[in-house]
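Shown below is the structure under consideration.
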Amino acid sequence: MTSALLRAHPAAHPVRDRTEAQALPKGETRAATGAVLALEAVSLGFGGIKALTAVSLDVKAGEIRAVIGPNGAGKSSLINVISGLYQADAGEIRFGAQRFRAVPPQRLAVLGVARTFQNLALFPALTVAENILSGLVFQRRSGVLGHLLSLPAARREQARQNGQVRKVAERLHLTAALDRKVGTLPYGLQKRVELARALVAEPRLLLLDEPMAGMTATEKAEMAGFVRQARDASGLSVILIEHDIGVVMGLSDHIAVLDHGVKIADGTPDQVRRDPEVIRAYLGAEAA
Amino acid sequence: MSLVTEFSATPLPPRENRLLAALPLVVILAVAYLAVPLLANEYLIEAILLPFLALSLAGLGLNLLTGYAGQVSLGSAAFMAVGAFAAFNFDLRLGLPLPASMLLAAVAAAAIGLVFGLPSLRLRGFYLAVSTLAAQFFVQWALNKFGWFSNGSASGIIAAPAIGIAGLPLSGPVGRYLFALVTVTAITFLLHRIVNGPQGVNLIAVRDNETAARVIGVPVLRTKLFAFALSSAIIGIAGVIWAFAYLRTVEPAGFNLDRSFQILFIVIIGGLATIRGAFLGAGLIVVFPLVLSRLTGLFFDGVADPGTIELLERIALGTVIILFLIAEPSGLSAILSRLKRRLAAPRAG
Amino acid sequence: MDWFTFLFAVEVAIGGLLSGVMYALVAIGFVLIYKTSGVLNFAQGAMVLFAALTFVSLTEMGLPFAGALVLTLLAMTLLGITVERAVLRPLANRSPMTLFMATLGLSYILEGLAQLLWGTQVHRLDLGISNDPFEVAGIFISTFDLVAAAIAGAMVAVLTAFFRFTRTGLAFRAVADDQFAALAVGLRLDRIWIAVWTAAGVVALVAGLLWGARLGVQFSLSLVVLKALPVLVLGGFDSVLGAIVAGLLIGATEKLAEVYLGPFVGGGIEGWFAYAVALVVLLVRPSGLFGQKLVERF
Amino acid sequence: MSDVILEFEDVAASYNGAIAALHGVSLTVRSGEFAALLGANGAGKTTLLKAASNLLPAERGRITRGHIRFRGQDVTSASPDAHIRKGLVPVLEGRRLFKSLTIEENLVTGAVGRGFGRARIAAGLEQVYALFPRLATRRRSVAGLTSGGEQQMAAIGRGLMAAPEVFVLDEPSMGLAPLVVAEIFEALSRLNRETGLTLLVAEQNSSVALKHAHHATVIENGRSVLCGPAAELAGREDIKASYLGGAATAAPPIQVRS
């Protein structure tokens, strides 16, 4: 178990400028699944309501996969199952070679998975830099004593992690705001800080739950640019929930459509747009 | 982009300003270490400064738990009691030097804090707060019930030994004051380092959004238990100061629920998640009753009996608490920050 | 175990159940306020003291039972109005912790005020309920406890019906769900707070009379909160039914433990045993017995 | 038809005395009109609508400049419930149903808020169920467990139970399938046509709003930047592109920087 774990998460030993191939799970894992994430017939219910019914989904390395559908279709539930906040009633979730019925959320980061939340889940009392840094906490080796005694190893680690924070902040144009308390930033910037926190440990899979909700058109375009740039740079895979169909069509490689917890379509943006089932259940004839 | 450029205009404080900012601290330390021992009278030390130091330390401990880690505790006095009685027994039974007894007392308080912190892994908010009352009542009961803790004395009263370090007697008011002061200074410094370091990020992450903290890999359980253990240890040391340096004769009933609430008031009135808040809050809590009894003495002396005056004081305390909460939700620390800004404003403009 | 020791155990358990009803009675006052405003009202105990002391002092001044009752109810209404004006309104939108601290302050004020007005001595309160035990199948049961249980039962029934079938009850439940939305549909929050606190005051009066008839009316009456808190943790802060069930459970286990466990540890365990019971149960069920368990959204 | 019933005059507002949300919005709503308020999320629509019902103080916000007048009276002079009793009824963003109450209980709270008695409640329920037959079948369901569309219909129904004269809705299309959005807007349009109900609807989804509204005002970054007849705005592709970009359902993919 331990050895598989170490192989499966290069994030524990960050490699700079990883190429797409390196970001993939190694050798036998890739042969076994061919996907960074695979859901197999995942079902989930709350008190008699079916939130997800036998949903299957494969996400390949370097792919941006959007999940769309009306409110209550099960999109957020899907992300919450993948990140272990909800436990599936049936089905299986695989990250590379690791299989789970219930993903342990506290191990998510170690597994190379990062996420953002629909309603910002930042730490408002901390600065932007500290918020981003918190995304690296799981890699930390030195403890309280190391810090109190200013041991060289602790200092080196601190310096390295600060470097990682600065790098991601630069990529997301957050450098000027690094010392600001997150709670005092405007909403659009907070969303960006949350993306930075998710990206700082260079995950293999990024789960974005409405990352552009509440943004202006310009901010949305900028955010979409950041997501694409992160994918292009490190070959990570993205699951994206977003209501703005324009953004979704422009950004994703594949789109899955959920309706009442059932996957009703899965394909390229053009396929999905023309899918009669999607038009009937979601888009409406007029919009198509 | 445009959003960010707005901030680059906000200048960071340059290094010289930081030195200037440290000036008040230097002055306070100088007064505390030099002026007070030389100039202060016995009343000031015994009635104000010693309880102030002990309660400040207890406030610091609770603030770590409640302010930084977001776990509310209503049982702080129990850990003061654990600290006091543990140090008493380490001294009595092992004959250890004072610093060693104190350290072991802190360890004992931390251990018991860990046990009573376990519910925090499952419970939140008021459910957790109420469950910490278990510590309050259990510890008080155990200390009363088992004579061993107080070496068999009636109703659990213990008399602290005369204190001294390395043969240096510290039993006079100034000696006990310096002992308390050094202890409080050292712990304050350590705590400052901890909450402003990586561990502080973990604590605040758990407080502000536990789910997010868990998902990004912050060790939530370990962080909570760390907060409970360290907080209890600090409050335990506060108990040692309370028993050894301040009162010198204590009984379990002195660490009752009212004391726990008093420590909670200190933290809330002083300001959550600030180091100085504990000191400001403790100052108010220690000085307020003295001022109040002077005032009631002035107006009601001879008019009302002591029982009535006590009731009036209770009403006044309750009123002040409510007024404080209404006037300044972020506590005295926030008032101080505002004052500083106002003082700095004319210079900047 | 022979028949008599068994009967004795049953007797102890029943005695415990009945005193559990008394805990529940205090706990219900908390539930009313917590459910509708998320405030843990630590002053509920002080309100019990205030109500009982007011009532008993009025009867001692020669007022008939009904007259004293009406005047005390008026006093509790006045208290509700004052709390809304002086505490809740200025502290609107503040954190639950701040409001909890405010109720601590309020409890100091009420305790001081009650004793300042009516004195600190112990008052005897006779409600005219017989305290003689009667026997059912070899088990002795206290008449007073039984009457108290009946009164508590009636109060729960009235409260449940009030929440379920009246428009004000509906408004209470709406406010409990979402205060801002309640404001936006035109519900008058200020009036609702007054009503809620007055209702909690009435519950406090009933609890105060029953407890007072047992213990005498005195300062220690305000400490019954400490009995009610573990009941709340166990039953859920927002469940009237939970308060009853948890009260019974804690009452019975506490009495049994006192009789069968107490002697081994030197007795006096009633101060913390209820908390231990609550904690053990909560380790298995973190949301309490009946606390609302809504699915968390992330 | 032509008398102004609700008027916003150069309104600025802020939260907590610091965060400015509005910088100057002017618009007028005439009796019997279906008015739309357009703009991106975060442009200030929600703040403006809350201000109209004097709900800002409950969230520590306040109007810092300008006036909002309902029937000629400044709205800050009366409490939210007083506005409802005079016929100005809001439907909040994100529906905000009482989740543990049933659909029907939610509807009833709307009437209770206006102080209606049993007869008016019964009549109101009948009217709402006629407008949204789907709600009648879900009347005993706990609101928190119904679908987004049903919740939005219930939120609108709850508002209608207070017999509004001016009905102010915030983002009724949010998070709903385009099909459900169409159904809701058709119901609103019908109410407007058949009962003369005055409507002010904030929408991010400009195409559906412009299709049903008479007049529209566009706000951007807390300022009103454009207003005119809906048909005219809808016809101008340049306006759509510069002010309402990215908001239309199934618009062509937007250009993103890489």
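Letters A, B, C and D mark the chains in the order given here, with residues in each chain numbered from 1 onward.
By definition in this document, a contact is a pair of C-beta atoms (placed from the backbone, for glycine too) under 8 Å apart; a residue touches a chain by one contact, two chains touch by 3 or more.
Please read these numbers as outputs of a predicted model, since none were measured by experiment.
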Steps needed, at fewest, to go from chain B to chain D via touching chains: 2
Contact-richer chain pair (by C-beta pairs counted) among C-D and B-C: B-C
Identity of the chain that, by mean CA position, is farthest from chain C: A
Chain centre separation in whole Å, for chain D relative to chain C (CA means): 43
Chain B and chain C: spacing of chain centres that average the CA atoms, whole Å: 32
CA centroid of chain A to CA centroid of chain C, Å: 48
Separation of chain A from chain B, taking each centre as the mean of its C-alpha atoms, in whole Å: 42
Junction residues of chain D - those touching two or more other chains: none
Interface hub residues of chain A, defined as touching at least two other chains: 46-47, 85, 117, 121, 188, 222
Shared-contact residues (touching 2 or more other chains) in chain C: 296, 298
Chain D to chain C touching residues, read off their complex: 53, 55, 58-60, 79-81, 84-85, 89-90, 92, 96-101, 105-106, 108-110, 112-115, 144, 158-159, 162
Residue ranges of chain C in contact with chain B within the complex: 40, 86-87, 90-91, 94-98, 100-102, 104-113, 115-116, 120, 226, 229-230, 232-233, 237, 265-266, 268-269, 271-272, 275-276, 278-279, 282-283, 286, 288, 296, 298
Complex contact set, residues of chain D against chain A: 40-43, 145, 147-149, 174-180, 182, 221, 245-258
Contact footprint of chain D on chain C as seen in their complex: 92-93, 167, 170-171, 173-174, 176-178, 180-188, 292, 294
Residues of chain A defined as touching chain D within the complex: 46-49, 69-72, 187-188, 213-217, 220-222, 224-225, 228-229, 232, 243-247, 249-251, 259-260, 269, 273, 281-284, 286-288
